[in-house]
Amino acid sequence: MPAGELRFSSPLPNDSTYMVVDDDDEAAWLWTQIKAEARRDAESEPALASYLYSTILSHSSLERSLAFHLGNKLCSSTLLSTLLYDLFLNTFASDRSLCAAAVADLRAARVRDPACVSFAHCLLNYKGFLACQAHRVAHKLWTQARRPLALALHSRISDVFAVDIHPAAKIGKGVLFDHATGVVIGETAVVGNNVSILHHVTLGGTGKACGDRHPKIGDGVLIGAGATILGNVNIGEGAKIGAGSVVLIDVPPRTTAVGNPARLVGGKEKPSKHEECPGESMDHTSFISDWSDYII
Amino acid sequence: MPAGELRFSSPLPNDSTYMVVDDDDEAAWLWTQIKAEARRDAESEPALASYLYSTILSHSSLERSLAFHLGNKLCSSTLLSTLLYDLFLNTFASDRSLCAAAVADLRAARVRDPACVSFAHCLLNYKGFLACQAHRVAHKLWTQARRPLALALHSRISDVFAVDIHPAAKIGKGVLFDHATGVVIGETAVVGNNVSILHHVTLGGTGKACGDRHPKIGDGVLIGAGATILGNVNIGEGAKIGAGSVVLIDVPPRTTAVGNPARLVGGKEKPSKHEECPGESMDHTSFISDWSDYII
Amino acid sequence: MPAGELRFSSPLPNDSTYMVVDDDDEAAWLWTQIKAEARRDAESEPALASYLYSTILSHSSLERSLAFHLGNKLCSSTLLSTLLYDLFLNTFASDRSLCAAAVADLRAARVRDPACVSFAHCLLNYKGFLACQAHRVAHKLWTQARRPLALALHSRISDVFAVDIHPAAKIGKGVLFDHATGVVIGETAVVGNNVSILHHVTLGGTGKACGDRHPKIGDGVLIGAGATILGNVNIGEGAKIGAGSVVLIDVPPRTTAVGNPARLVGGKEKPSKHEECPGESMDHTSFISDWSDYII
Amino acid sequence: MPAGELRFSSPLPNDSTYMVVDDDDEAAWLWTQIKAEARRDAESEPALASYLYSTILSHSSLERSLAFHLGNKLCSSTLLSTLLYDLFLNTFASDRSLCAAAVADLRAARVRDPACVSFAHCLLNYKGFLACQAHRVAHKLWTQARRPLALALHSRISDVFAVDIHPAAKIGKGVLFDHATGVVIGETAVVGNNVSILHHVTLGGTGKACGDRHPKIGDGVLIGAGATILGNVNIGEGAKIGAGSVVLIDVPPRTTAVGNPARLVGGKEKPSKHEECPGESMDHTSFISDWSDYII
Amino acid sequence: MPAGELRFSSPLPNDSTYMVVDDDDEAAWLWTQIKAEARRDAESEPALASYLYSTILSHSSLERSLAFHLGNKLCSSTLLSTLLYDLFLNTFASDRSLCAAAVADLRAARVRDPACVSFAHCLLNYKGFLACQAHRVAHKLWTQARRPLALALHSRISDVFAVDIHPAAKIGKGVLFDHATGVVIGETAVVGNNVSILHHVTLGGTGKACGDRHPKIGDGVLIGAGATILGNVNIGEGAKIGAGSVVLIDVPPRTTAVGNPARLVGGKEKPSKHEECPGESMDHTSFISDWSDYII
Amino acid sequence: MPAGELRFSSPLPNDSTYMVVDDDDEAAWLWTQIKAEARRDAESEPALASYLYSTILSHSSLERSLAFHLGNKLCSSTLLSTLLYDLFLNTFASDRSLCAAAVADLRAARVRDPACVSFAHCLLNYKGFLACQAHRVAHKLWTQARRPLALALHSRISDVFAVDIHPAAKIGKGVLFDHATGVVIGETAVVGNNVSILHHVTLGGTGKACGDRHPKIGDGVLIGAGATILGNVNIGEGAKIGAGSVVLIDVPPRTTAVGNPARLVGGKEKPSKHEECPGESMDHTSFISDWSDYII
């Protein structure tokens, strides 16, 4: 993303400065950007204009656009789009924080993913983004004890996007699910703010009975593709989990765990610490040299 | 699941006691439970009532409900729901063991998965359960030499559920595919009874020509998320395969294999043996301490 | 596949001999085969005849059949099948190499995958084949600077097939995506000819900004299930990547890399070299003995 | 229809001779004819083959074909095709006379309508035929006191075919609804056997409260396009009602009523009588000369 | 309808007494009735329960139910149900008189049509009722100068219900369109309150250019099936138009016009006057004796 | 339509002057107009923009837009939109006169119907226009001996638009089907150029066997709503048929027939002649005064 394109700078690791701005202003500003992007695309590509108008340009707000898009994506012959649209609209209207979280997620994708060419691109096409917003609604329903409906929605998200987040799981803001196919997050998992999670990542249970049994992911964590984190373990703030790792242990803040089974880079006793926030820098591979050394 | 909720106790590892009961009685009892659950949910959540009535409450039996649900889930613009519904109905009617297997699978999910809040929840929402029942029909067609139809159904299951089980593969009863996204099971694979398989598990071939080239999974095995088992190897009864493992070797009964490439916990010569049946206890991580020791 | 069934022999590793034949002749010959297969299946299985006629037998060429099939598979309520059909038809008509690549891919599946019982089976049912052909169209649009449309198509492919290939990625001919669920290929990746890629394979980025940041896969490479290759590394011609490997390094031609993190079989300094072309032999496990030795 | 094409001659006005033949034999014979016609059409027109296979050639009996075709025609987003298919299948199975009536109606269209080129043509394309068969099912439901379902089906028939027959109305066998658009038949109407009714015909009520208030149409009657018959009047056996007539009076057997308001041709006291059975000869206009005389 | 079933008596011809009651109370009372009816039907007919829940029982008000039902009935592949649902919801919310008119129309059907067994039956199944409510929305859009949208909606109503009411036409309250198929009402037509219009009725233009060129129908008028009224003529309050009549002249209040061309019963100079309000009594045929006399 | 809006004047009754202009130029000019209208509407009404883009603005020609619109309107679950789209595209491409006829019909609606506010309005919303264009394609197929396909298309047109024109019937250019619901035109009917036909009009057969048995309608004829013309009669050039008439006789050029049965205004021997071309002036009621006199 070329410098200067975003109105609000985001100098700090956990991207918190723009939170000072009012959420509704932020949403309105972003919505204006998205409509401008969609209008530009509709003009350059008439074959796509119908899609862009129905999904973005005919709507008066980000929530309405999202409710429409998710309703049409997640519907089935037995769960009609009108029913889902209504459900999304009402839930977004009842809790403004859902929209603020969507805004933070859109910014996260735009800032962190070099392949994300516009906010509209993310809103329309990112299954990780869409699955996450639908999950937030399912989670809201879950907290309102509307569990059968939350689980039905969960099932549709898993069918349509191949993203399986239990409606009870708590997901923070500014989260990027990149590629997203195959992500599985269990019932008692917690994911912090500004986390980046690649595809095929599992935050799984231990299989033991009903209690708290899934990982807790701190703010700013980066979890590489195919990583499997099992059990009620803590992944500390700003930690990094290497692709394909199988993590069964706590990972301290700002350290890196890699391998199957995962070990801390630098050793269990005195692991290396990094300064940057990997959830935002998305640096998957800076540990290569360390690792190579470690491996030889 | 609160104690006592299930009519039939299941004390033995391979869950065989309730098999003494007549299959049809068992199915009838379960269907009564499912309808009661669905009715309760329909009353508490009017937005879901239409879905619950169309999929469960309007049907006279588990098979009809399943045939309807699968027909509507798996249909496409070129394979109509009416055609698939008919196919499922007729196949279920022609072979009662398909229904008995579905009953065993529902019980498996309810007993083993703490997130499974009701039988109806599993029937409606578990893509692993639904993919498995559809596979059983495809397998039946395959054994009847209706291969093009079996393969078309296989393709729909893979598209809709991201679960890819070759119609020739043999799957036992009481099998739990938990989360299920990304499961791939090859043509000559065999899966025993009371097995639990997590998501992203591969039972793959060696790539060599047409013969018997896929794994054989014994009764009561547990295969962790993302495990890849390749070639015509034997995973012995009650064995456990760690998440993310890559298994290219036979695994003796009631032992645990972990890692990439997978090694037996306790060593090749004298591996540790466990008593419980991991396919039923779903204990993914009890080997952590052992492993940690092993790893240092 | 029984010997002799294919008109053109393919003795050389990179399967180049039949390229001497005119592409259009090849496509016409293959289309005749496919129609004969479909006609035979329609006769033996009336329940499938409607599907076979609409998808294959009513069409005059492979391109039209593919355009129809992909249009109906990838459409949604906001991207109509007629629009997509038109787009596919026009793109296939504008660039004959797309059809030649489809022909090569069909042959690759038929020759390399023992479970592929006919060309028609692949055309109808292989999500990897279909995702790849749709990707080729998206890639063509990308090169024509029709990026929003390419990205919308990319999104549909990822939703429907759980195959996520960035439209900018370059994919060679004669490529087999076997099972295909969960494949992720990033923006600057390049895949050569006659490559075989199993499911859950990632050709991912390093997360660093916008430059060339994804793997380059040489001709004839075989990448096992669940392998993750990250960064702008070179996987040399005819190399083999073991299932579940995490590769962050260059892999020389005709060598094998396995493990997490991946190491070269035979050692970094003097890795073992194999003679055959693994992308075509699909021998996933020949390195087992070596590895076992290595591991002990 | 070329002479000799039908196996059973039909020399008598009310076409009763072939009823001697067993209904099931008749249905089986007709079904064989229909499949042969459909197969011939599928061969000559590949673009239509998919439709012909799904609707006719993949089915084992006329009832199953009809149940499929009607289920797909009458379904909506809130009344699924699978539900309707099931309803039709079960109702046809429970009452064999429904199939016999369909057979008689197919023969009626084939014999009486010069534009009816084949039985398959009628089965596939005649909205009057299809609406009538669906009505028979709705009527059956009505007699079983399943009135809300009967009325929902009635509503779908009226939406889809613009044919509005109250489910309580009794319709005989061998009835031809030619063109059919706009036909309205009220709750207490009775239509005899071998009647022919053109489009826009109303058999309406008097508006007075709930009693018997709609016309009774005798066997073999012909009712011309746009005729409106109101109130509990009797249209005698073999009578003819001119196009556009408004009939508020009884019409004696084998007489003709024309005009608005309708008068008997030949006068009220001694109306002309005809010999033929107009419901079968379909002679709409033989009264022209008489009428012209009458009119001056 | 059994006496006493309606809470509010309606002794006066133009059914005005219940208008004293507050519109919202009336709507709430009616909605309670409709839900009770739907619940009773859902219990007695499980096959219909899904439809009843999705269309009625899951909604919190008559407007929401209507918006949902119309959105799903009128949608097409290019005008999505979610778009239409939104449009109906917003329009109903913006103008409470639309709901009051729907209430009056439901009462009209229930009181006047002996075949109308419940309010729910009318709401679900009467194409005349549904077309009229959708027209009211189109008319509202027309008055807001949203003409292209009004005309698109008009087109959908004509396609789906075969009822063609120009969005500019003004339709009163308590109007019954019985059967409704084929009704055509032109741009400058006006229909008063408590009018009953049978199917195939045309309120057509004279063909002359753009001015006021369609009929004006007074309160309480009854127009019989197939009647055609052309030009800017006045049909006086409480007048009756016989079925099949072609009316090109003014018809004085409480007189009857019949025939083609229509004449006043009793003669042009001193037509017979009736006391009752035919739009409510629905007495289509009381003029028969008069007419018979007149005709001889 | 304000004077001067059309580029080409149309002073002559049969609207032939603009035929001097090249058909393709005419189509191109009209297409430019339509796109401008659609663009204006899309700007003023975002809710409709998606529909306008998908149906009009994304297409490069009138034929492609029509093929898309008709394909989506006429498709069903067993006759896919892609199949129909293809059929329409190919047929339009094979016979340029189909496009020229569509252009003439669009002009006819725009000039003659005061309610037709734009060409785009007619193209999108007029079921008479759309049914006629689809009929032209069915007729083309009929003349190519592709009768089963022509009849299937005929059936869809009758279901969707309630317009039933036998594919063998010959329809001229510049024809306006106004409102169109309920129109029925038989197999051997012929309709000339610049004819206007209102809704519920029947050009029906006599019921006698297979020969030439339907009406022949001369150029410039106007047929009023609900008129029924039966048998192989000639309606002379520029004649006018009153609404609701039942015509069983020849009608000489430029005379008027009214009533049931229809008589010539002015008497059989020396009927009144009019100068204007009623098919274009659309004057339905100018005969009122004459008739009134005649009737008294």
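By written order: A, B, C, D, E and F. Residues from 1 in each chain.
Please note the rule applied: contacts are C-beta pairs under 8 Å (C-beta built on N, C-alpha and C of every residue); 3 or more make two chains touch, one makes a residue touch a chain.
Composition by chain, UniProt nomenclature: A, B, C, D, E, F = serine O-acetyltransferase.
Predicted model only: the values in this text are computed from it and were never measured.
Steps from chain A to chain C, minimised over paths through touching chains, total 1. Common neighbours of chain C and chain E, listed by label, are A, B, D, F. Chains that touch both chain B and chain F: A, C, D, E. After Cα superposition, the angle needed to carry chain C onto chain D is 180 degrees, rounded to a multiple of 5. Between chain B and chain C, the centres computed from C-alpha atoms are 29 Å apart. Centre-to-centre separation between chain A and chain D, using Cα means, comes to 60 Å. If you average the Cα atoms of chain A and of chain F, the two centres end up 55 Å apart. Within chain F, residues 47, 50-51, 54, 58, 72, 77-78, 80-81, 83, 162, 181-182, 200, 226, 244-245, 260 each touch two or more of the remaining chains. Chain contact topology: the protein chains form a complete graph, every chain touching every other one. Per the touch definition, chain B reaches chain C in the complex via residues 76-79, 83, 87, 146-149, 151-152, 154-155, 158-159, 162, 164, 166, 181-182, 184, 186-187, 200, 202, 204-210, 213, 226, 228, 230-231, 244-246, 248-249, 260-261, 263, 268. Note for the complex: chain C touches chain F at residues 50, 54, 58, 68, 71-72, 78, 80-83, 85-86. Within the complex, the chain E residues that touch chain D are 41, 44-45, 47-48, 50-52, 54-55, 69, 72-73, 75, 81, 112, 114-115, 117, 121, 124-127, 160-162, 179, 181-182, 198-200, 222, 224-226, 242-245, 258-260, 281-285, 288, 291-292, 295. Contact residues of chain E toward chain C in the complex are 77-78, 80. The residues of chain B lying in touch with chain E in their complex are 42, 46-47, 49-51, 53-54, 57-58.
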